[in-house]
Amino acid sequence: MNGFAHLLTSALVALVQLALVAVGGPLLLGVMRKVRSRLEGRVGAPIHQPLLDLRKLFTKQRMRPRESSWLFGVGPLVLVATVVCVSAISPLATTRPPLGQSTDFFAVIFALLLGSVVLALAALDTGTAFAGMGSSRSMTIGALCEPALLVAILAMAIPARTSNLPALVRAGLGHPALIASPSRVLALASFLVVILAESGRLPVDNPSTHLELTMIHEAMVLEYSGPDLGLIILGESMRLAFLLGLLVNLLVPWGVANRPGALFFVIGLAALAAKVLVTGVAIATFEVFTAKMRLFRLPELLAGGFVLALLGAVTAVVAR
Amino acid sequence: MNNATYSSLLELAAGLVILCAFVTLWRRSLSAIVRALSVQGVALGIVALVLGLHRHDAVLITVGGLVIAAKGAVIPTLLRRVLANDSRNRETSPLVNVPASLVGAGALTFLAYGATRSVVALVPTSAGRLIPLGLATLLIGFFSMVIRRKAASQIVGLLLVDNGIALVAFLATAGVPLLVELGASLDVLLVVVVLRVLAVQLSSKFAVLDLDQLQGLHD
Amino acid sequence: MNHVSVLISVLAGLTATVAGGALPIRSRVGVAVLLTWVSCSAALVAAVSVLRSGHAIVMSTSKILPLTGISIVLTRLGAVFVLAIVMVALASTLYWIGYASHGLSTRSASSALPLFVTSMILVPFAGGVATFLVLWELMALTSLVLVLTDQSRREAARSAAQWYAVMTHAGAAAILLALVLLSAHAGGQTFAQIELHARHLSGALRGTIFVLALLGFASKAGAVPLHVWLPKAHAEAPGPASALMSGAMVNLGIYGIILVGNVLLGGGPVWWWLLVSALGVLSALYGALYAATTSDLKRLLAYSTADNMGLVLIALGASGMFAASGSRTTAAIAMVAALLLMFNHSLFKGALFLAAGAVQMVTGTRDLDRLGGLLKRMPVTGVVFLIGALSVAALPPLNGFVGEWLLLQSLLHALPSTNTAVVITVAVAVAALALTGGLTVAAFVKAMGIGFLGRPRSEEASNALEVPATMQLGAGLLALSCLALGLVPMLILPSLELGARSAQHIGVSSPVHGWISLHLFGLRGVLAPSLLAGGLFVALMATVLARRVSHRRSRSWPALAPVEPWGSGRRTQTVRMQYTSTSFAEPLQRVFDDVIRPARDLNVSPAAESHYYVERIAYRTSSDDVIERVIYQPLIVAVRRWGRLARKLQNGSVHRYLAYGLLALVIVLVVLA
């Protein structure tokens, strides 16, 4: 009976975390757009506009380019599925998520990578020029992000002596000195650069551009429409929310439920939402003052991210 | 100041010093580079201050204050004056491109780390452990002098070297004698002034501040 | 019992060779394949029994080879390699049945292939220097014959074979020197004798032997800068042969390094392993970069082999280094990671090469820029390639990910360490691993996306049809094992651990354990590949369901309507507007311009009326191997020059030859006096 109750709570925790990310992702997008338009002197669409857009998209017809194969339809599904899977088992609102013992940082990152790879393949499947261009550019950026990402994880994992995600968050709760340590700050700064690059935010990619030649991510999904496009938008926004959630929990873990109990979990949810909201507003504000970088200047940015992570690793080893 | 705060403050300040060294390689705009340099000077001064407060060493505290004043304010201001004369104040084409130079600087950091293992073993304090960061700053300074073209970048490299030496000195011993540090800072100040004069002359003669053009003198 | 199965394996292999050469063309391939299977199965039985019991098979006879005799010893380490080779051999011989009509049913090919398989299987059985070298040479020669069998590309094949022959013999010479030095100083030519005495040799001698052996074996494994033959030979060899070379033969290079470094010399100082890791980092990065930028499907796979062997070498070097600096657990895990990476590579690279062979057979080209749309035309081959590509890109839920995770964990837990070399190696290795991983992902998205998706870029590609069932089955077998090992790595991990333990005597009994979730012995690191895969599957099903529910609620549209692609509103989308592999790789090529230094050629011919109007633009870019250009071409030029000098010495005059003889005699006498 106890085992069954445990299973039920785990499933509930997973579902609630998942629901928060699924609703919070589009809302985060709405908030970021709102902040942007307000700072630019416009009124802007209401915050829940992305949700309305999604509802609209799901009422439309599904279409696929004539020459495409089954992979075209699978791409958006895999993208959403990977985010759904990792946000159910990651320490977002609690440090004891279901299957938390095996929620490895590397596994989470590689699972997310699976989503982007399948989407890039699906873009090539359309057989059009712009989709291929977007796919090529996003894979280039992805390849250059990877060193910064993995070394940043290394830098965070060295002091904690594990790459288990819940353990990393718990380590921050247990030893506040670890949070202020330069290794962790540097690693997280590098992680932030990678998040911005991977989720197509400024200065890497302009999410609101209308010019195909400068598009990266938007170009990749040009051929998608209706529910498939809806899934992609949902998946992308969920991924941004999820990654920011991880970032803030590693940076300032306060509020995350560290012991069982519904009250702590609810506090954890609220804290997570608040922290991600603040980060999202900060990013949106930053975007107002930033121009998109030239594509071939991006290696400089990402090399900078890599060096931040490397410095984090060095200081982690030096400071022991 | 308790021990944990002391060592984490020290780590943060020393980390900031080397981070600024990387920023000087990362950014192209010379004004951003000078800004990084002034932050680095302040961080260096904080290292001295923290060490001085921890050891109750009045001289070290004074040095810290002077370092902040000299390297955080005076020298950057002078540098900005040099730059004000040069309209094209961007390091447009370094000899090694930015990503490669960042990776090279990362490698130098590792070299510094490897080379100072024995020294660190001799100074088993929380300050001594950070010595590699000082040496790395020094090496990056040298490196940036090698790969940058602009005269102002060369001064920046020299200042990085100086800051690196100062950081090592602060961390390795109980602190540099006040006189030595002041002397070194004065030297640098002198160099900056000389270069400023030179720069003004260069730019009035050739209208650019590109050191590669000095090679023309050789031919 | 074991002795019998070894004998059966040898005899069946030899009979297959004879049968392949002697039988008429109709029954030739079938009989050879059957007999090769018998040989493989017998070897498999022997390997499994050695792994289970731990008793090495020991046989020897002085009858066959003069002076030294043949000695056969199979340890657990060797058995692991036999397993990997047998897996690839079974699949590619099955595939051969369907492929044979494509130039692989000639007498020479159908006797070389079984002999190649048999000699590869037997290399890990070798128990002495002489036996080892004979089998090693046999393997090199038979594979050389196989490279030459593709008649359609005679010139390219011949040049590839030349490079291969030179490099493999230079490597063999280094190995010969190392092993002869070893047996001369250890007083015996069997590995058992050497193992007893090699510990007492001087450090300098041991170092020399290790470096020589490393050079020889690393060139077989395709480590940069000794890799130049690999992209040529592996690309030119016909389908099954290239799968065998890339999936199985390169493993034996790794086997050789472990054999000499860990078993015979019993481990060594840190600098040996630093050298191994450095080779690994270089190969991984270089291989991945070239895989990401080349547009020849099989060359891409071959470069990716150099990349993957680089990862194995990194793991091997890390393991040796950790052992030398005293951290046993991480050393044991890194060794298991090395073997797992190697085993995984055999499976997915075998599958990928078999799929690429099928594409080449059907379309007659390996140029990605002339392929496309093959997933719809060749559904099974396409899915095999997709599984292989996701696996080589180290994505869950496939086997490549587990190996990479294990390596990352061993590196991670080696820190913080007191040894500077370890710290630097770990940081460099993680960064290299990551960049390699990213580039590999880009390379295989390109290979899959340009080669198999989108619209066909040529007549041949649009007329492509699925290959015969045996070929699908052979390639599918390997792809399925990729999936199986990705879900349950414990199917193979215990065997790999036994093999690793017999190579490295450091007494950590089971560094990785647990069926559902992998636990690391004494370290905090857990991975549950099957649960992760299950989670992904459930999430996928839930997403499908959600889409269906939310979609149906609105209106009843027809399922998935095929329409003309939108393409930003262009009326007609021609095939030539698609991104090609060259254009896909262009950003990466530009980022790494300083490394690759591609030759670019842009010709703009203006119209006659005005030079503002352009009539034609010709753009050509080629990125041939920069190491070949910078290191090997000058070397070849220098050798040619020496050759010309030597020709002057030899002008046909008898008097001059006699004078040389006299001169030699005088010099000898002077030296003796």
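For this structure, a couple of remarks:
Order as written gives the chain letters A, B and C; numbering starts at 1 within each chain.
Assume contacts are C-beta pairs under 8 Å (C-beta built on N, C-alpha and C of every residue); 3 or more make two chains touch, one makes a residue touch a chain.
Everything numeric in this text was worked out from a predicted model, so none of it was measured.
In terms of Cα centroid distance from the overall Cα mean, chain C ranks first.
When the interfaces A-B and B-C are ranked by how many C-beta pairs touch across them, A-B comes first. Chain A and chain B, compared by their mean Cα positions, are separated by 36 Å. As a whole-number value, the distance joining the C-alpha centres of chain B and chain C reads 48 Å.
Across the assembly, chain C contributes residues 423, 427, 591 that each touch 2 or more other chains.
In chain A, the positions touching at least two other chains are 299, 306, 310, 314, 317, 320.
Shared interface positions of chain B, defined as residues touching 2 or more other chains, are 99, 110, 113.
Residues of chain C that touch chain A in their complex: 292, 372-373, 375-376, 382, 386, 390, 393-396, 401, 405, 408-409, 411-413, 415-416, 423, 427, 430-431, 433-435, 437-439, 441-442, 445-446, 448-450, 453-455, 517, 523-528, 531-532, 535-536, 538-540, 542-544, 547, 550-551, 554-555, 557-568, 573, 575, 577-579, 583-588, 590-591.
On the chain B side of its complex with chain A, the touching residues are 4, 8, 11-12, 14-16, 18-19, 22, 26, 98-99, 102-103, 105-106, 109-110, 113, 129-130, 132-133. Remark: chain A residues 58-71, 73, 77-78, 80-82, 84-85, 88-89, 99, 101-102, 104, 106-107, 110-111, 113-114, 117, 120-121, 123-133, 135-137, 139-140, 142-151, 154, 157-158, 161-164, 167, 212, 222-223, 227, 231, 295-296, 299, 306, 310, 313-314, 316-317, 320 touch chain C in the complex.
Considering their complex, residues 420-421, 423-424, 427-428, 591, 594 of chain C touch chain B.
Those residues of chain A that touch chain B in the shared complex are 177, 180-182, 185-186, 299-300, 302-304, 306-308, 310-311, 314-315, 317-320.
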